[in-house]
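Order of writing sets the chain letters: A, B, C and D. Residues in each chain are counted from 1.
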Amino acid sequence: MSERIGFIGLGHMGSAMAGSLLKAGYSMIAYNRTAAKIEPLLAQGASQASQPAEVVTPGGIVITMVAHDRALETIVAADGFLEKLGQNGVHLSMSTVSPATARAMSELHAKHGSTYVAAPVFGRPDAAALQKLVVCVAGASAAKERVQPILRALGQTVFDFGEEAAMANVVKVCGNFMIAAAMEAMAEAMTLVEKNQIDRSAFIDMLSQTIFAAPIYQNYGKMIAEKRYMPAGFELVLGLKDINLVLDTAEQSKVPMPFASLLHDRFMTNVAKGRGDIDWSGIAQGISEDAGL
Amino acid sequence: MSERIGFIGLGHMGSAMAGSLLKAGYSMIAYNRTAAKIEPLLAQGASQASQPAEVVTPGGIVITMVAHDRALETIVAADGFLEKLGQNGVHLSMSTVSPATARAMSELHAKHGSTYVAAPVFGRPDAAALQKLVVCVAGASAAKERVQPILRALGQTVFDFGEEAAMANVVKVCGNFMIAAAMEAMAEAMTLVEKNQIDRSAFIDMLSQTIFAAPIYQNYGKMIAEKRYMPAGFELVLGLKDINLVLDTAEQSKVPMPFASLLHDRFMTNVAKGRGDIDWSGIAQGISEDAGL
Amino acid sequence: MSERIGFIGLGHMGSAMAGSLLKAGYSMIAYNRTAAKIEPLLAQGASQASQPAEVVTPGGIVITMVAHDRALETIVAADGFLEKLGQNGVHLSMSTVSPATARAMSELHAKHGSTYVAAPVFGRPDAAALQKLVVCVAGASAAKERVQPILRALGQTVFDFGEEAAMANVVKVCGNFMIAAAMEAMAEAMTLVEKNQIDRSAFIDMLSQTIFAAPIYQNYGKMIAEKRYMPAGFELVLGLKDINLVLDTAEQSKVPMPFASLLHDRFMTNVAKGRGDIDWSGIAQGISEDAGL
Amino acid sequence: MSERIGFIGLGHMGSAMAGSLLKAGYSMIAYNRTAAKIEPLLAQGASQASQPAEVVTPGGIVITMVAHDRALETIVAADGFLEKLGQNGVHLSMSTVSPATARAMSELHAKHGSTYVAAPVFGRPDAAALQKLVVCVAGASAAKERVQPILRALGQTVFDFGEEAAMANVVKVCGNFMIAAAMEAMAEAMTLVEKNQIDRSAFIDMLSQTIFAAPIYQNYGKMIAEKRYMPAGFELVLGLKDINLVLDTAEQSKVPMPFASLLHDRFMTNVAKGRGDIDWSGIAQGISEDAGL
């Protein structure tokens, strides 16, 4: 664990992940656009970079965890980033971005002799802090092997989806779509039970202890039952972004996805009504309103 | 456990449930429209009735497990059924029927001095045989207490939704809606991963071991991944019936449920194409077709 | 024109239609549940009945124009109605009811020797007053021939859909569905142009003078452009009823109709929000709200 | 009419439009990527350019009529195009492109001293040949005045949507969405009448002579009634492009458009099934299939 990792992107998730890596013994140099967010990490032993390329060690490993495709592109396009990463460098990209961006990134890194590995994760910041993320990885085998200890320090379970980086992103956007679909289904059902004077929590507790006994139903089910959408663990406006990622992927793959289309309109309605900053489970609020509640 | 139970409705589910009750030591007289289906139960010690009312012991307990509201209404309207059940009798209705029917049934039984208890279940025949059903019960307290040992013999977990029988049915139709929604979401996602050359099973295995680690995703996920919709555990045409139950309930409660509407059209398309007799997870076949697979 | 017509149902449409028939020289005896509504007709020469059966002349013609299937069934079930209509009587049913009800009505009348002719109309009360309704008729030929002068007094154009009464109702519910679909499409488009600072009226005027130069687009387009949904020409809650009629017909015919499903949820949302009494074009208000306007 | 017009894009629509302008007395130099398509125009007096910039007269007028945003961008980026158009030149862009592209184009032309006028049209090639297009124009007033005679030679009715070019494109994409919505509604309704043994043509003829007496319903109604989707007047795959244009515009404007989302999935299903080259009214074929016809 002597290798120094470069880390870019210290939002809620990035900070929790970087913290877990420091705890696991990695040394780290970190960069964030908003410098203030980096301070807690410095206390844990990280050093601070003032520009993206500064976190890069030639032939080393850089992890990025940013909010959207554009942010990732900006980092990679930063002065000296790709040049410095150079031969044998590995860019471990853990953000939720589109498969199309992953494809473009893979080619771009290959041109500079480095390897782009996609490793998007499922889990919220608390899971990241507990090293309990679910990691989906794809990319060239040698690079994947090299980053394996890092991934294991973030989540016990690492799922490999082959040599093509973009495939991990296809899996990730599909998984996020399934989470959003589960939230919509729960919220529609809870609206119906509520209008029939049945307790929302009693309803979802029964299901999430039995046939739907899984974290998604337990955690989001509780939030939706209690109509508690603040503070946001994952902002609704980012949920809209994720639904657009799955719809864009479906467009290129010629797959009609009517549930995803409906979810798009659900998220958009909530964003248009000014609720982009609540938790994405807050789409349930729009569902209650539509029923006159 | 000396009480003799009357049991009506010996389809896949009913037979498995009746078998579990016999195993638990109950004595039983059973009726089924198609008499042949009753034979395996006779071997287990049940006796056979030739008419619905014949299973009724005055003041006793009758369990019904039939395919739809109409079948339930026909039984209750049969000559002598309500009259014989009479004072103190309990009709334990375990079928998936509409809350509206449950409401009407409650009133009708009350007029004859008996009690209608709704106790619809989640689980397929194999769960019924293993006494592992999830039971949702609602109705008058005294009657619920009386049937409690019976319910425990069918499922370890019994969830109580109050004094009004119809409420258990609201919960049940909402749960079935959520199962159908999960299947649609899985099938859309798997279609997208398949078109990107990712293995359907690898995708759903990852999710159903982690954030979606629940029976619904594990069992239906496997069927959908393998495109194995025969033999039917629960027929697609009955799935359409269940979606209509939730839509009817939503209509009366003034709740728009766009996912349920979409599921309705999905089920209807598959029924219109002549696939009403495959498993209801077979809606996934229509999703594949729409993507040109 | 010597024949005296019985007329039942004097809402906005019924009154305008009855007035046109009086103007055309028919003598009339009319019944309405709320007697007060009949007064303007009395001034025009109609006489008043105090019960449904009282408007019936044996072997004569009775016209009904009521709000829903239930109202029609109640009239026909009224004491003496069918018995008095008897041999050679014609029930000219002009309400928008379900094909299933029309089918049941046809059989019921046939048993009493009379004929049920379905003749639902397109057009609002002002068109009825101007004898400009569009009439769709179906039923036994002899009866259709007999009522032809009556239909011509209500609308210049009468379209014949064959011998089976229910077919006129299939056509009518499909037509109403198409109107609702046009309104939804206009409202979505106008919401988008409004958010781009384009005048809603300028937009719809252009289209409704050119490629969409038809009454539906001109009339409803103007209302939606001006967001003027009161007073109601046709109440939103009746629009929901009509969408349910088309969905019920589709269910029996095994036809998935996703636009109709979506319209159902749109109408239901507006009803749930307490807007059942505005004009049905007022579904546009829900569309504006969803866009944050 | 002495001014020589440059014309780029000679597909079905472009050729018909160019022909109308030649008939109206304009002189013309034309360019098309596939040179063969230009020949009929040469016979009518046009001269031929071998590159986009060659059609440009400094300070003159260039009309473009191409299939999508990318094609338009390629032309404008061609060597010398903008430089030659220069001061006082007018680019009259009649293609259906996105408002976002129109916005970018307006800025780009302004930088080179020329003016970008958007004038997308409604109507099919036969309307273009008869000078009966419906033209929606937007852009700087002086330039609009200058091109007015040209627009009048293509359509008797020209509708002005202000100074900002992109607004004409917003109107155009909304109009195309409304056409697609009308086709879907007609097709769903006709599927239902067909399954009830009613003649599709009789049904739509009635409506398109009365409350829907407009070209869209008459022309597309006939095609859909007769299930005649070849040859394509406007290809289904271009219909998908247009739905995506309206969805992209809605995304930027934060407007949920559920009908448009549903239409997207309808078009995508038909494209995925290999029917991208039939007429866009052919979405009706998917609707028939879903009903098992």
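One rule holds in what follows: a contact is a pair of C-beta atoms (placed from the backbone, for glycine too) under 8 Å apart; a residue touches a chain by one contact, two chains touch by 3 or more.
A quick note: this is a predicted structure, and the numbers were derived from the prediction, not measured.
Student: For the interfaces A-C and A-D, which has the higher count of C-beta pairs in contact?
Tutor: By the number of C-beta pairs in contact, the winner is A-D.
Student: Taking mean CA positions as centres, which chain lies farthest from subunit B?
Tutor: The most remote chain is D.
Student: Express in whole angstrom the distance between the two chain centres, defined as the mean CA positions of subunit C and subunit D.
Tutor: Roughly 38 Å separates the two chain centres.
Student: If you average the CA atoms of subunit A and of subunit C, how many Å lie between those two points?
Tutor: 53
Student: Quick check: how many Å separate the C-alpha centres of subunit A and subunit D?
Tutor: Spacing between the chain centres: roughly 40 Å.
Student: Would you pick out the residues of subunit C that each touch at least 2 other chains?
Tutor: As it turns out, subunit C has residues touching two or more other chains at 250, 254-258, 262, 265-266, 269, 272, 290-292.
Student: With touch defined as at the start, can you tell me which subunit C residues reach subunit B in the complex?
Tutor: 244, 250-251, 254-258, 261-262, 264-266, 268-269, 271-272
Student: Under the definition above, what is the set of subunit D residues touching subunit C in their complex?
Tutor: 99, 122-123, 134, 136, 157, 159, 161-162, 166-167, 170-171, 174-175, 177-179, 181-182, 184-186, 188-189, 191-193, 195-198, 202-203, 206-207, 209-217, 246, 249-250, 253-260, 262, 266, 290-292
Student: Applying the document's contact rule, which stretches of subunit A touch subunit C when the two form their complex?
Tutor: Its residues touching subunit C are 265, 269, 272-274, 289-292.
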